[in-house]
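Presented sequentially are two complexes of chain A, the first with chain B as partner and the second with chain C.
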Partner chain A sequence: MNAITQGKRLRAKSLTLLGFTLILLFLLDIGLGSVRIPVSDVIKTLLGQQIDNSGWQGIILKIRLPRAVTAILAGAALSLGGLQMQTLFRNPLAGPSVLGITAGASLGVAAVMLAAGTVTTTFSIRELGVDGSWLIIIASTLGAALVLMLILGISFKIRDNVVMLIVGLMVANITIAVVSIWQFFSDPEQIQEYILWTFGSLGGVTNEQLGALAIIVLTGVILTFFLSKTLNALLLGEDYAQSMGLNVKWARVGIIATTSILAGAVTGFCGPIGFVGIAVPHLSRSFLNTSDHRTLVPTCALVGGILMLVCDIISQVPGSQTVLPINAITALIGSPIVIWIIVKRKNLKASF
Partner chain B sequence: MMNETKTILSTTNLTVGYKDKKETKPVLSNLNLNLEKGKLTCLLGTNGAGKSTLMRTIGGIQKPLEGEVSMQGKPIRSIDAKTLSKQLSLVLTDRIAPGNLTVYALVSLGRFPYTSWLGTLSQKDKDIIFRAMEATGILEFANKHIGELSDGERQKVMIARTLAQDTEVIFLDEPTAHLDLPNRIEIFHLLRALAVESDKAILLTTHELDMALANADHLWLINQNQSIDSGLPEDLVLNGLLEEAFQRDQLQFDYELGTFKRTSTQSKTKVWLEGDVILKRWTRSALERAGFEVSPNASDIEIKISGSLKAPLWHLNYNDTTYKTIQELLIQLNTQ
Partner chain C sequence: MKKTEKRNAHRWAVYTLLCFLMAGFSACQSNSKNQSDFPDFDPQKDYFPEKVSIDHSIGFDVEYHNNYKTLHLFRHYNEVADTVSFLLVQKGTPAPEGIDLPVIAVPIEKAVSLSTTHLAMFELLNALGELKGIERRQYVSSPKVVSMVDSGEVIEVEPAGTLNVETIIEMDVDVVLGVGYPNSQNESFQQLQRLNIPVVLNADWQEVDLLGRAEWVKLLAVLLNKEKLVNEKFSTIEAEFQSVLDLIAEKVIDAPLTITGIAQGDAWQVSGGKSFAYNVLKVAKADYPWKDDNSTGSIKLSFEAVYEVGLNADFWIAPGSASSLQNIRERDPRYMDFKSYKNRGIYNVFGRNTEGGGNDYYETGVIEPHIVLKDVVKIFHPELLPDHQLVYYNQLK
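For the complex of A and B:
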């Protein structure tokens, strides 16, 4: 029994360590970029003190701070979405996008960008600035919600979670097919707009939107934490969960709804960011060697934030003017990390 | 009835099976069964006879087609999931493998119905978990991960989880299916001890006839009429119901050995056997495998077994020779 308290202490230590890493990378992410700003100046600015270079202050507060915060929020949200889907479906390949939530968001965005009529109207939406991006966010949220409603409706008819997973994948495929047909009949300029969105971007979120994103993601994180006991019970499968008094149907509704809020919001604001949602839950389980969601939920949120910050720093290509698409970086950097960890720590194979 | 007060779960005219839009497929019907506290009850049946279906139905996972399942006199359907989970716990056949979960964490999941929304364990919860792990003998691997355990250890962990759930009724679906003989015996003994010592009603399904006959206090035997005969194992053997339930072509129950045997249609050479009971039993087993029939009546071939258990001797009448092993004896018999 002594070893159990020892395990708790180890967990507390790991969480503290991850927290510090997150803060450090957060400061680095703000400091690095096309213009390099010393970390001391970054801290001063964030604490509200004046620094000599007012240009830097503008860059930090108007561009880099919202960007870094978005990275953390997006990383945490997608990771928690992935964690819940993997546990619900007891499938290591599940992620926040499996139920077609991301595809639904894409459909919404495609609807705005491709059906907006002529090229000029699309550009005029762009020129509206804030309003235009809000329109895209609302459309993508609606698209995600639409697919979600469909999935939830079907989920009441289906008992088996694996069948549910297959249905989700099919719905996602249908949604992607609709977008694809839409693209086929659209003008190249419109398609370009849409494709740019699919590259993903953490920089497009303005300060006003950041507030909304933060509220949605924090709500999702709290909801996920409230679901940890439910998720733990589901680790043994639905029959066991039910025999322990869990209402499996409502648990599923809760988990799918929470994941949709998290993944739908992030996809709307930042585009369809892949990979993070699948990889981070595995990394977290491997780091702490646990399946207990009371530990995994905070860990996934932190690891997700850290991974997105690292990817963002790299996508900025420090010291150059180039910015690479975040969606490519997450997979390009993340995949080797995951492979390395899987090979290095052999405790990952039997998570489900 | 003397044991009436001990009955904790009973079924009335229960029919279990599957139903879809077109038709209902009853698997077992007209079941009037009683499950008693302090007893290990084995549900015995062939593959596909409906063991799991019945267990899922009386466990409240699946709806009955007809009839009623009652827990302490209350219809199980009127009991909400949370209350039921404090009265009945399960070990299912699904091989669960959350590899990163520690044994302690898995056993503590049994406290699910009792803990707060976050699942925080109180001192009382921890004591119950400790006792559950102690009773099943898994304390030593409390901090191991499920992925590192053998099948037998894993099954004990699942049993410990049901003990942590602290229910009066425990159902186990094929708990010894993947286990080797020592582990099978250990699990059966553990379950019997739990039933007797903590006055729990334990029901398990199995298709292992010998284990059920040796360990069950009570047998629920799925017969060929899609119903169940219930009784003491030995009674069911002696009144022929057991043989009937497993009746197949070319299969015969050996009442002396308590196992089923294939009967061959070929005519067999009859052999008469005499000697010590144990030596006779094993000699007979070898002879029957080699295609001879041990006959209670006099025969042309007579084998007399003498000597001690450690150094037995087999004497064959027609060539008046004594053999030191059954192998040598069989070689001679086969060359005849």
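For the complex of A and C:
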């Protein structure tokens, strides 16, 4: 009894600490950037007051604020996706991209960026009144959805999770192969555009798109919360979960669908951002020394947001005029942290 | 002991055979250099009375000798600037002895061009008859060249994006005019060189100004022995260009602020302060936030760094592939905050692009630097050229 209350207190304490860190980094991310803006003006703008320099106001409200919010949403979504995949497959190497969702999104984007070079397709797509950034988002969502349907269809037929994992990896490989054939027959400019997309970008999400991204990610987060108990049961093994009265098949469908929504949306809006989905669940488990998903789900969301904010601050190289690709920073900064924590805590094995 | 003898005998046979082979080769070589093969050759005669001088281009130079010219191509785009040279020897005369350089017999009669930037040059020098192969019809703007491809006079040598070496060998051309980028198509180019098809790498894109890029027409003229014609044509271009420059120097007082490029992902690529693209704007007197930068290519900046100056810039030139205001808006609604967006001050180089992705700016525009300059002047200082209509540039609507 005592242990449980103690655990609850620890949980509340660490969640508060993480929430506080998240807010701090969020403000820091808005305050720092290529253009040096005085702190007082940043605060005034955030409080809704007018400042003399309308350019700075635009930079804060239209560039930095949406980017920082996107960073939190993307970090949380990818981390929760990774957590679910690791638990479902009971495999520490699984991540949100493991089922080919990201590859599917890439296929959709490749279809637009590489094939659109042939004039007819571009014009026919423009006829529909969709263009620019929304076109990329819709294409990648459709690509992700296509692969998701395929995976879900297969998951109804297959009982074994390990087989499911291998099938997912294979579907991802097939999708990547199609993209690479497409690349081979494309012009250098088109390939360059596609490669730039694969670097990932948090700054491309504008205020109007942010609303759509937020709704999708929050839906996914809420669904994950509801799945917490299911995930806990699955951790004990499928047979045990079944004996507890869990419908394993439907649980699996629910988990795959939720992960796909989370990963698909983020990939659509920000490009394929790697690493976060694999690393954050490990960080969270080590940090709290628990594998209870009722604790892990909120922790993962917070840690994911924190990690993405840190990476975004670094990728903006405050004080300089240049930027670094976010996708490289996540792995470059994140990997040493994960190695350090896992080696230090040595409690990874207990989680699986 | 016996074994060694046997081996020695064997060796001896091999050496003898080698000697014979070598003797045969050297015999062939000395034959080809025999002066009696060229009965009409007069070593004292200047075979090229008309000469060109290269005044603007940094990428190549020509030296004249009695019956041959030496062409030097300077590759500034490699880490170490190195030089590639060719001997252009007058047909019917012997190549000079003792110079170990690839030889091209001039005037050339069959050429393959791998860049649309050469096509207008062929047309300017009345040499479309010598053009036998192009990269891809899709990118060509010139109706003449397109119809030549359709009639089979000109062959596409890169129909699928990679150079078809076998087609070129079969065509038996005198020279391939390639494009010199760092590591571009090196494999296929080397293959062609090994088969004695000289590949002259044109690198007009590394030039620093409009006239430098246009002057590459002289390279083609040197290959065609059309020095007289090119001197006439190019001096007209030079004079026209100078008259626009004079007009600018005389009339322009204030320089409007302009930005370039467009954001891709999180980064915004703008033209560097020493780049060709900025030079075009600079000669037409435009103010530029990155004019003190030292890069000859483009520089990557963060979105907000460009956004800050973009808000108040009068003009926005060459926003990537965007060709309409709707394009700009859909890429990112934040562009709508820009002064240039509100005042319709956004221009791109799609005045004459084709549906297939070709653009005459990179074709005829190369040999019409005075028109390009007039376009830019018309954008920044419309009062200077009231009657000029934009040709290569277009206002985004």
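Just so it is clear, the second predicted complex is superposed on the first by the 327 of 352 C-alpha atoms of A that agree within 3 Å, B and C clash if a C-alpha of one lies under 4 Å from a C-alpha of the other, contacts with A are read in each partner's own complex, and residues count from 1 in each chain.
Heads up, the rule we're going with is that contacts are C-beta pairs under 8 Å (C-beta built on N, C-alpha and C of every residue); 3 or more make two chains touch, one makes a residue touch a chain.
From a predicted model like this one, the values you see are computed outputs, not experimental measurements.
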Superposition on chain A - do chain B and chain C clash or fit: fit
Which superposed partner A:Asp239 touches (first chain B, second chain C, both, neither): first
Which superposed partner A:Asp292 touches (first chain B, second chain C, both, neither): first
Chain B versus chain C as contact partner of A:Asn247, first or second or both or neither: first
Which superposed partner A:Pro92 touches (first chain B, second chain C, both, neither): neither
First (chain B), second (chain C), both or neither touched by A:Asp187: second
Partner chain(s) touched by A:Ile326 [first = chain B, second = chain C, both, neither]: second
Inter-centroid angle chain B-chain A-chain C after superposition on A [Cα, multiple of 10°]: 130
Which of chain B and chain C A:Gly19 touches, first, second, both or neither: neither
Which partner, chain B or chain C, touches more chain A residues: C
Minimal inter-chain CA distance - chain C and chain B, angstrom: 39
Residues of chain B touching chain A in the complex: 56, 59-61, 81-86, 88-90, 92, 94, 96-102, 104-106, 109-110, 112-113, 115, 117-119, 130, 142-143, 145-147, 165
In the complex with chain A, residue positions of chain C that touch it: 160-161, 263-267, 299-305, 307-308, 311-312, 321, 326-327, 329-334, 337, 355-357
Residue ranges of chain A in contact with chain C within the complex: 33-35, 54-56, 58-59, 62-64, 117, 119, 131-135, 185-187, 189, 193, 196-197, 199-204, 206-208, 271, 315-317, 321-323, 325-326
Residues on chain A engaged by chain B in the complex (per definition of touch): 1, 3-4, 7, 226, 228-229, 232-233, 235-237, 239-240, 242-247, 285-286, 289-292, 294, 347, 349-352
